[in-house]
Amino acid sequence: MSAVIQAQGLGKRYGQRWALTDCTLDIPARRVVGLVGPNGAGKTTLLNLATGMLAPTSGSIRVLGGRPAEGPAQLAKVGFVAQDSPTYAGLSVADHLKLGARLNPGWDAALARERIGRLGLDPARRAGKLSGGQRAQLALTLGIAKRPQLLILDEPVAALDPLARREFLQGLMEATVEHQLSVVLSSHLVADLERACDYLIVLVDSRVRVAGEVEELLATHHRLSGARRDPTRLPAGQHVISASHTDRQTTLIIRTDAPIHDPAWTVSRLSLEDLVLAYMGTPNHPANPGRNHRPTLEVQR
Amino acid sequence: MIWLTWRQFRAAAAMTAAALAALAAILALTGPGLAHDYTTGIAACTTHSGSCSDFARRFFDHHQGSFLAVSAVVLLLPALIGLFWGAPLITRELEAGTHRLVWNQSITRSRWLAVKLALTGLAVMTAAGLGSLVVTWWSSPIDKAAQNFPKMGPLLFPARGVVPVAYAALAFALGVTVGMLVRRTLPAMAITLAVFVAVQVAMPLLVRPHLAPPTRSTVQITEANLEDFSRGPDRRIRVSAKAADTGAWVLSSHTVDASGHAIDTIPPSPSLSPSAGPCASLERGLSPCLAEIARLGYRQQVTYQPSSRYWPFQWYETGIYTALTVGLAGFCFWRIRRSLS
Amino acid sequence: MIEFHLDTRSGLSPYQQLVRQVRQALRLGLLREGDQLPTVKEVVAQLAINPNTVLKAYRELEHEGLVAARPGVGTFVTATLADDSLAAHGPLRQELRRWLARARRAGLDEESIEALFMTTFRTASEEDIA
């Protein structure tokens, strides 16, 4: 399958600070990609580079084979729902649909109308008077009805209450099936992404820590717990992601392709949240020293 | 995009159209009467006394208030347009974050900006053009009667004719550019106003006087063109005369002596004594005294831009402002493609 | 029509939970031969999960011979587990009883027996799938 986003050494600098460093990605199509990381890690920067809102300082990025925002054809292929779902407060819901129809040659008016009807949004109501969840749904409708191949969403549910959050994700996933979309979704909460994503990117401190298919990541990462031991004396092929010790016990999170034969370890599965936290380095259990020099880990298909 | 531009501009356009319509209505109603009063008055005073300066002065004083008011409207209109239509054009989108919505539809930023600038720019020029047109038409009798406000002068020249359209276009382009650089509405409005005022002050001070080489003429001071005559406590006479062209823009005017040097006051001379001679009993008329001053070689040298250059200057200035406007617009197109998240 | 739910705190992955719920429904007779399973779109719209999860679950069920996919129409139940009665597993049950007796004689209490069983069961399931 062709790649939907390809980045090579991508970087973005603001003054002295690098918001994104040395980002190399090869995201296949027809996935729901979760982009996770703490606030300020560079998620919005990466998404802005993918949509063409920003231009790279170093490296390159290609989206659906083209340069971001290069022309109307490229813009039509990518839909974007920015953080806080911006809408024109003075324009009504119907006006927003008209905006979509006038500015997008590929606009599907029937789909937009049907979706607005199903959501129960009053077309005459001004966007400034809608609730947060309703605005997010309007922004999502605008993104979907444009019939893009890729839909990018920047923290779409961060400011929503649990019900609005669930309804938004339901609508998004349904659209993914119906229109065969590729989706890139960022969040600083793993719980939002756990169900929906089948490809994961963890971004911490402007660098990509891990990127790969969720299934493969969960199959190759394990938690080992056992008697206190020196983590550097593990067999080759077992890479320690994070380690924590008490006086008697050692708990390691490792990545390995081979089965684990050592009977002294109790091996258990990781949840996606555990995996993300291991790569982010939880506050009580700092990851390996020299974290900043750890190379990016990419699990290839 | 045309629909969206109109939809966003609707309210501002309606308000401005209403204001202009009100102005046009008032002026349309009072204009013909004003013109009629003027022509009948001129006809009367020419047949009676031959000189109409008294009538002109009274006519102007009677209508001075409205004259200043409508001129102020034409002078302020470009600045208001720059502030309220130009500066918010881009800053409003950036502050609300809606640029992330509209620049991700299937339209490039260049096309978005082009349509916005073209349509709003057209509205700008129409508003300024209409305003200037109705005011120029309505005020023409008063302009003719205005003796202290020459047609080419720094108050009347920018408030009539075609230059207000060019001023408005520049103010608009300036507002959009500053807005794009500054990204916040209120600071952008403040900076736009400051820069525009600076430009409008610099133009008559530094540029307009030199659009064409000024005419310099040396005239004999007679009672007909006398402007001012006074004798100070040191018995020196101070005298000045007006240029023949009443609509001209006088750049400098001083008395010169026979060798061409400019002087402030005429140095004392026996023939100019206040006690005896032609300048002694002035109540009977200034002509003998002025003739003596002329005989001694004193004349008035006036440097001015003649009123015959009115339309050429209007078009030169329009050209300069248009070039600046186009330059700013080009800069905007180049700059908007840069990162703006 | 069956309705799915997800328990985020169960040790099983989402697709495994879906498979389990279908098998449970079959066993209890809630799903009968010829019934249609919810479409991928319906499941996704209800649970907000990834469509590949649903596809994987349905493929697994198809692999087990319990359902069959009819392209363009849907996925339908082709077999039942209803006659999977406990009576058919008498020998297994006896063996289990004997093992339990041995575990108690070895000194394990109820909780230890349950823990031993669950960890061994889970590890064994993972090894089977891997």
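Letters A, B and C mark the chains in the order given here, with residues in each chain numbered from 1 onward.
Heads up, the rule we're going with is that a contact is a pair of C-beta atoms (placed from the backbone, for glycine too) under 8 Å apart; a residue touches a chain by one contact, two chains touch by 3 or more.
These numbers come from a predicted model, not from an experiment.
For the interfaces A-C and A-B, the C-beta contact count is higher for A-B. Centrality by C-alpha centroid: the chain sitting nearest the overall protein C-alpha mean is A.
Centre-to-centre separation of chain B and chain C, using mean CA positions: 88 Å.
Centre-to-centre spacing of chain A and chain C amounts to 31 Å, using the average Cα coordinate of each chain.
Chain A and chain B have Cα centroids lying 60 Å from one another. Of all the residues in chain A, the ones that touch chain C in their complex are 32, 166, 169-174, 176-178, 191, 194-198, 218-219, 259, 267, 269.
Contacts from chain C toward chain A in the complex involve residues 6, 8, 11, 13-14, 40-41, 44-53, 123, 126, 130.
Every residue of chain A that touches chain B in the complex is listed here, in rising order: 44-45, 48, 51, 53-55, 69, 71-73, 75-76, 78-80, 82, 84, 86-91, 95, 98-100, 102-106, 139, 142, 146.
Touching chain A in their complex are the following residues of chain B: 1, 3-4, 7-8, 96-98, 100-109, 111, 338-341.
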